Amino acid sequence: MEVEWLTYLIHIIVPIIIVIAAALAVVFKDLIAAAIAVAAMSLLLSLEFYILQAPDVAIAEAGVGACLTTAILIIAIRATKREEEA
Amino acid sequence: MSGMSRIVKTMASVTFPLALIYGLYIIAHGHLTPGGGFQGGAVVASACIMILVAYGSVWTMGKIKEKRLSAFESLGALGFICLAFFGLIFGANYFFNNFLVHPEGLDIIFNGTAKGLSNINTAGVIPLMNFAVGLKVIVGLFAIVLVMAYATTKLKGEK
Amino acid sequence: MSIRNIVAVTFFAVVALFLIFGALMTHPFGEFDEDNTPEMDQYIIDNTQSETGADNVVTAVVFDYRGFDTLGEATVLFTAVAGVILIFRRVKK
Amino acid sequence: MLGQIADILVYLFLILGVFFNLLAGVGLLRFPDVYTRLHAGTKCTTFGSIFICGSVIIFGVRMWLMGDTNGSTLTIHTAGVLIAILLTNPTGAHAIARAAHRSGVKPFGAVIDDLAEKPAKKEAEK
Amino acid sequence: MIENFATEYYIVLGFLLLAIVIALIRVIKGPTAPDRVVGLDTINTIVIVGMVIFGAVTQNVIYIDVAIIYALLSFISTLFIAKYLEGGEF
Amino acid sequence: MLAFIVTFVLCFVAYLMLTTGGADIVFLGDWKILSWDYAEIIFGIILSLIVAIVARKIFVKKSFRMANPVRWFVFIGYLFYFFYEMTKANFDVAYRVITGKINPGIVRISPDLKTDLGITMLANSITLTPGTLSVDIDEDKNDLYIHWINVKKEALEDKPVNCKFVCANFEKWVRRVTE
């Protein structure tokens, strides 16, 4: 069936987007923007786990990555300062 | 006045019990569907964190006693280890023995595989361990964020 | 272009290539390759349901066959929580 | 007969849902400032999600009527997703809009801005 | 009467990935932080829908659970960032 | 006590919805539309009790207006109207995305709703309906600040702006449901 190449396409595109989002987290100097990029990355990483049929890991990633990591990063930025030093 | 607008507060209050029951569902069905103690615990902890961010950490700290938090975490750890030791006592001679899976006197509660799988009361000791680990994860993750948020907030008298 | 940038781009390209090849080499969805499964996997897949009564093999492995690992994880979590609370706790006067 | 109607409905809903989700993306790129982007990003994705979830619900009901009991669970869980999206999405949009205004983003080309007076007053009270 | 909609659903998934890419461009470009959060919020919703579609494609009911979790939890990260931008204390 | 019961019932219904597909109790014969196991129901009661103990004070605040069944039927009617308005909203947004015509502004309305739930419902409905987005709320007077994508000249004559320009009939519907 022609479903085959569609699955390959999805398997190729999603990791590329993940890598782009992870690179963004490094590139941004504004730390809030970097935290947003990390949140987007963990979101897409969860989608990737999900597509690879590992729902256990996807749920753990959803709980920890989407909520707790962002929370801790934002609280840490709040306690220090927003701009990255050069 | 730390806390978000009234709309966010109301919506967090409406969503909170739903998220709680959903997380507990994941913990309870750990042996049937994907999920388990850690995952469900993360969901419940996130629901508590939603209340924390909507109402502010000072309000939340006023509702919760720290001693109770540490007691619950210890309860989770103790339950986990006790279940492991019960395997030594009641079953064969090894740690983490699943002694409830084919019980002799407890057929009514833990009917093992008698009714077929996909039942919530199969799998012996695994659901209980799920709850123990879940309790530990809930309290642990929530305590981390709560303490961090409370420590970085300026209280009324402070400069 | 400094040497730092070159190293960074090279790493980026290598990781991207790994991901692409990894994606290309995954099994098709839902197909189980019986010939290339290690013995332990086969044992667990065959016997989990009768030995533990759990449908979810992952949970059965985590809480039954590998119970000690979970105990270690619980200890790690406890240590992390204790450390964070030790650093950040507000001392009441 | 009933099955064919269900098929057509599934197709229609999928097309509508995909159209609105893509529209959200285009609106996100085309609009000039945060508030107008929120209009596109919230309304269109919510509406598109309703249609895509609706197509899955119809698919589940069809499975169910054909005798597959998995269909009932599929339907009910998808309805749960729909309820969760409808509850949380607008609230998130409200939080972002409020945060944007508090952090000093002015609405682009605004004819009138009643809110501009209010935070200043609050600062004065402090 | 069609047996299942596997091909159609995969095509829809492809289009949703396109929408994610467009929203990610907004995350990259956005001049201010709120713009980026808007992009993140859009990605959230589209990923949830993609998970629902994938659950329907594999006809595996337990997969939809992950989507419910995401719908309930992705809201929280938005709230955190919004609260930081508001300038309030946690 | 009433708060406890309301939360318990809601959680129990949610749990039952999540766990259909058992074999002991079956409604409507062969189709197995709603079916549960006994063990599932006992577990659901225990978990709902836990949630009700934890969440009762957060979920229910003082008023029990929404426990009245008449309001639920009104709420269903509200949902139909809401969906109709939402369809209009999206074609409006589509039009604005394609043509790029906007005339935005932030206006204040005072809907005069007293309950928290009412103001939340109104704000969320406004966010999802044509051309409007709730930005801020006045905590004392329950006034809403709305970002309006296409400000009409005649609406600006009186301050605060009349509700009928911004939120169609939602104010009446919400008042019918919550007050």
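A, B, C, D, E and F label the chains in the order they appear, each numbered from 1.
Here, a contact is a pair of C-beta atoms (placed from the backbone, for glycine too) under 8 Å apart; a residue touches a chain by one contact, two chains touch by 3 or more.
This structure is a prediction, so every number in the text was calculated from the model and none was measured.
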item	value
Any chain that touches subunit D and subunit C	B
Distance-to-centre winner among chains (Cα means, whole assembly as reference)	E
Farthest chain relative to subunit F (centres taken as mean CA coordinates)	C
Result of counting contacting C-beta pairs for D-F and B-D, higher pair	D-F
Inter-chain centre distance, subunit A versus subunit C - centres from mean C-alpha coordinates, in Å	17
Rounded Å distance between subunit B and subunit F, as computed from the means of their C-alpha atoms	29
Whole-Å gap between the CA centroids of subunit D and subunit E	10
Distance between chain centroids, defined by C-alpha means - subunit A, subunit D (Å)	21
Junction residues of subunit A - those touching two or more other chains	7, 53, 55-56, 58-59, 62-63, 66-67, 71, 75, 78
Numbers and ranges of subunit F residues touching at least 2 other chains	18, 123-124, 134, 136
Touching two or more other chains - residue numbers and ranges from subunit C	29-30, 58
Interchain pairs in contact, sorted by label	A-B, A-C, A-E, B-C, B-D, B-E, B-F, D-E, D-F
Interfacial residue positions of subunit C with respect to subunit B in the complex	49-56, 58-60, 62-64, 67-68, 70-71, 73-74, 77-78, 80-81, 84-85, 88-90
Subunit E partner contacts - residues on subunit D that touch it in the complex	3-4, 7, 10-11, 14, 17-18, 21-22, 24-26, 28-29, 34, 37-38, 41-42, 45-46, 48-49, 52-53, 56, 59-60, 63, 70, 73-74, 77-78, 80-81, 84-85, 88-89, 91-93, 95-96, 98-100, 102-103, 105
In the complex, subunit B residues that touch subunit D	4-5, 7-8, 11, 14-15, 18
Residues of subunit B defined as touching subunit E within the complex	2-4, 8, 15, 18-19, 22, 26, 33-35, 43, 46-47, 49-50, 52-54, 56-57, 149, 152-154
Subunit D to subunit F touching residues, read off their complex	20, 23, 26-27, 30-32, 35-36, 38-40, 42-44, 46-47, 64-65, 69, 72-73, 76-77, 80, 90-91, 93-94, 97-98, 101, 107-116, 118
